[in-house]
Amino acid sequence: MKSTQADVDAAVRTIAQTVVDNEKAFSDLDAVAGDGDFGFSMARGFEKVLAGWDDFDRSDPGTFLTKVALVITSRIGGTSGPIWGTLFLRAGTTVKGSETVTGEQWVAALRAGVEGIKTRGGADLGDKTLLDALAPATDALEKALAEGADGPAAVRAFADEARRAADATSTMQARRGRASYSGERSIGSVDAGATAVAVLAEAVASR
Amino acid sequence: MKKFVNDPRQFVPEMLRGLALANPDTLRYVPEHNLIARADAPVKGKVSIVQGSGSGHEPAHVMAVGPGMLDAACPGDVFAAPPMDYVYETAKLMASDAGVLLLVNNYTGDRMAFDMGREMAEAEGIKVAVLLIDDDVAVKDSSFTVGRRGVAGNFFVIKAVSAAAERGASLEELVELGKRVNSVTRTMGLALTSCTPPAKGSPLFELADDEYELGVGIHGEPGRSREKMAGADVLVANLLDPIVSDLPFSSGDEVALMVNGLGGTPISELYLVYGIAHQRLADQGITVGKNYVNEYCTSLDMAGASITLVKLDSEIKELLDAPAEIALRVF
Amino acid sequence: MKKFVNDPRQFVPEMLRGLALANPDTLRYVPEHNLIARADAPVKGKVSIVQGSGSGHEPAHVMAVGPGMLDAACPGDVFAAPPMDYVYETAKLMASDAGVLLLVNNYTGDRMAFDMGREMAEAEGIKVAVLLIDDDVAVKDSSFTVGRRGVAGNFFVIKAVSAAAERGASLEELVELGKRVNSVTRTMGLALTSCTPPAKGSPLFELADDEYELGVGIHGEPGRSREKMAGADVLVANLLDPIVSDLPFSSGDEVALMVNGLGGTPISELYLVYGIAHQRLADQGITVGKNYVNEYCTSLDMAGASITLVKLDSEIKELLDAPAEIALRVF
Amino acid sequence: MKSTQADVDAAVRTIAQTVVDNEKAFSDLDAVAGDGDFGFSMARGFEKVLAGWDDFDRSDPGTFLTKVALVITSRIGGTSGPIWGTLFLRAGTTVKGSETVTGEQWVAALRAGVEGIKTRGGADLGDKTLLDALAPATDALEKALAEGADGPAAVRAFADEARRAADATSTMQARRGRASYSGERSIGSVDAGATAVAVLAEAVASR
């Protein structure tokens, strides 16, 4: 697996478009135990990414991701701005300088994102946040690559595990984020952020 | 959805525009960062007091800007903390020689945005402090939770530190004072109905015709329990008693009593609630030294109310008495 | 019914009791006649200004009592004019050497109660005058109707005559002034939802999810027409244009612009409405010299708003600017 | 037909009790085109009549009705206080001084009430108010008496006509009172005050 700037370009564009297309779906997920603004917040940020699409610095994938991160943090509010901004920023910093990004680099980039999010938001695995989809999906990506999967198959493995893990959040009780105020009532519905990770990964895998 | 709204994405900017048009001489509006500020801020020698949070809680906080209250507010979208860039830009614009105090309600998103905004502002040499407000007794506070929420009681922290700032208190003194006021402030709210965020276009949660949500958050977050609808005496008791026992407040205490409407409850009912709460406190030997009956921190169009108690001492009382003028006004 | 209410029959007394408890030093409450008065009224040498009407319009009028505003308000039950005895007793209690001015919104019940109350007071040698307020452009005024209704615009009549009374104007001068202000004041409202009177326990009328009532009265009376729900720009145009063309207001005029919430609409939306209305007037060359965005005259928990325009001249503007203090307050 | 103080006592008590029992029904009628407070207002006044029942001056029917009128006006607000107060007051004044009230006196008392209401409220027949039940019912009472009906039969004639006339208000457009703001929309529902007249008359007739 080796991603060129064109590959990363296409993937980020898919992610941005999928966020915009899922504005209502994501907000409705957040309305179950949260405050219903997740889709709105995300869409405002990623539509700004799309609006400025042609102007991003594309020297290399890392620089590109960093610039996208800045737009995200400048427009996404709520919890999601800092969280998704951190994800893109850490990923970008990790792969900065490389013309192409290898599978191993992607695993490292996502791991850096996971760690950054933990530090930023104080959540850990099992707290019913997007970490509960992102971390196991990254493990699955690593495993698929180790087993010799090509790029598309590896991304598919990431997406499948993200979906499984996102669905599994429905049995968890939220301990971070606004859903945590629901206490036991948060059990029985999936986490909005985790589900978004699955939806976005599936969109990238299906390209 | 039954609302005065054009494009839901423009709800906050259009509201801020109206606010600015209504107060051309006293407020400054910077659309790029949702900033509403005193026209004369930053004031030399005075710490600038800034509050941000999601929108949808009006008059908090954009309509609480003015002499003796906030120097600026930088709201996010409805129920979403502002992007950290807005915080950073606001801190820069409000930077006075005495520094900037960022008042933050204790929510994950708000904490992150303001922490990051503070870091960025400090990196430019601006003196900034962050003060967390967490007055909501409905939430159990433990290391397994994100801690108590900041709700209507933040009015008292804002009022007190703003009054002290006008008198020249230092940033450090204001942080101490704010913590002290926060530590004697307790709030609990209940929802009779859900609220409808403009962008969602439908109620955030469902509540049966004979139920209310006790301990609701100002973003429609669930509270302590769903209860069967009851008369006002019962509703007030269920709000007030957990507050009184939490600090605890006790016989001989003098308090500020706030009855805050959540947006859809008319002021007639708020005064009815006030009368019951005042009497219930009096029956326990607790005296109301100052009272507040109005909308202070709403949850869009939610019907319901919160009650806040602040334990008064001569310093706090005097700061609450100090003159102030804000956009929210009658005349 | 989702309300803070114990026994619906005690809704008004319990609200008044809360109001009195919240303002022990400034208000006087006489439960027998639903009377809320300035603690120091009647003031020697000053005409006492009194307004009565049904309850359910709070802050109108019990929370509009105070120096520079009303000397007293004597409300009836929800949406019912006060019994004439209350009017009579209020006139007696408020009788100053300069006389009593009774401000009355133009409804059949209110007119009768205040006319009879005036007759009874006059029979006891008290100097009394009645002034009718009818600012609602939604109602066609002809000899076959009961005439226009008094709605939120009565705030301006109250404010102007109260300010003039503080300066020693005579009863006759105040009647002239009040008529003049009323004659340049125009209001129109719209309902997004019905309201629920406590004693009825269910909505007063039905309104489909995609409809609003244009020209609604403050007692839920039907207006001009049912319209399909639309964006805020359209709603504001439909309120404002009939007002502008009614007086008419025209390019070069300076006006007071009030956006009044009907009880269930949050202040965020009211400021959004204000911005649109302000701009729409500016586009026609009409300048907003004073503005008012808040709840002034509600219809219980009805979602909706009214817009009022007053044509300003230097005398009216100056009277609106005069200081006043009432129970409705932030601090 | 000759009514003693005991008869008048019983009739007024029936009226008062019927008003209290119909609080919700009367308010609902008023909610269709009015503001829904008619039953509430009436009930608050007549329950006060019942509460002070034993203390009324019962020197003669006229004095008694006058005292009841004072209680009504002291507590009923809205349009109904002055209107019903005027009805009882004028009726009382008309028969004052007589130990018993004859059928002819009742007709005169009710006519005086009708005239008093017209003056007080500025409404006329056909404006869709309680006058549209009260006036024709009074005519029917007069006719029945002229045709030799006894007391109960005459009261029944009053009640029957009141009901017919009240029902007929549904085709009228309101020109007075709060219902007049509904304009044409007031057509199709009966007037609350007129229906109350019918309900109260029927209760007295059925005693």
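Here the chain labels run A, B, C and D in written order, and each chain numbers its own residues starting at 1.
Heads up, the rule we're going with is that a contact is a pair of C-beta atoms (placed from the backbone, for glycine too) under 8 Å apart; a residue touches a chain by one contact, two chains touch by 3 or more.
Source: prediction; values computed, not measured.
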{"item": "Far-end chain from subunit C, centres as C-alpha averages", "value": "A"}
{"item": "Chain centre separation (subunit A, subunit D; CA means) in Å", "value": "74"}
{"item": "For subunit A paired with subunit C, centre-to-centre distance based on mean C-alpha positions, whole Å", "value": "54"}
{"item": "Separation of mean Cα positions, subunit B and subunit A [Å, integer]", "value": "32"}
{"item": "Junction residues of subunit A, two or more chains touched", "value": "none"}
{"item": "Category of the chain touch graph - line, ring, star, complete, other", "value": "line"}
{"item": "Pairwise chain contacts, counting only pairs that touch as defined", "value": "A-B, B-C, C-D"}
{"item": "Residues on subunit A engaged by subunit B in the complex (per definition of touch)", "value": "27-28, 31, 33-37, 40-41, 44, 73-83, 85, 120-122, 175-178, 180-183, 185"}
{"item": "Interface residues, subunit B side, partner subunit C - complex", "value": "2-7, 11, 14-22, 55-56, 58-59, 63, 159, 192-193, 209, 212, 229, 231-233, 235-236, 263-276, 278-279, 291-296, 298, 300-301, 303, 305, 320, 324, 326, 328-331"}
{"item": "In the complex with subunit D, residue positions of subunit C that touch it", "value": "9, 54, 76-86, 107-109, 112-113, 116, 139, 144-146, 149, 197, 199-200, 204-205, 217, 219-223"}
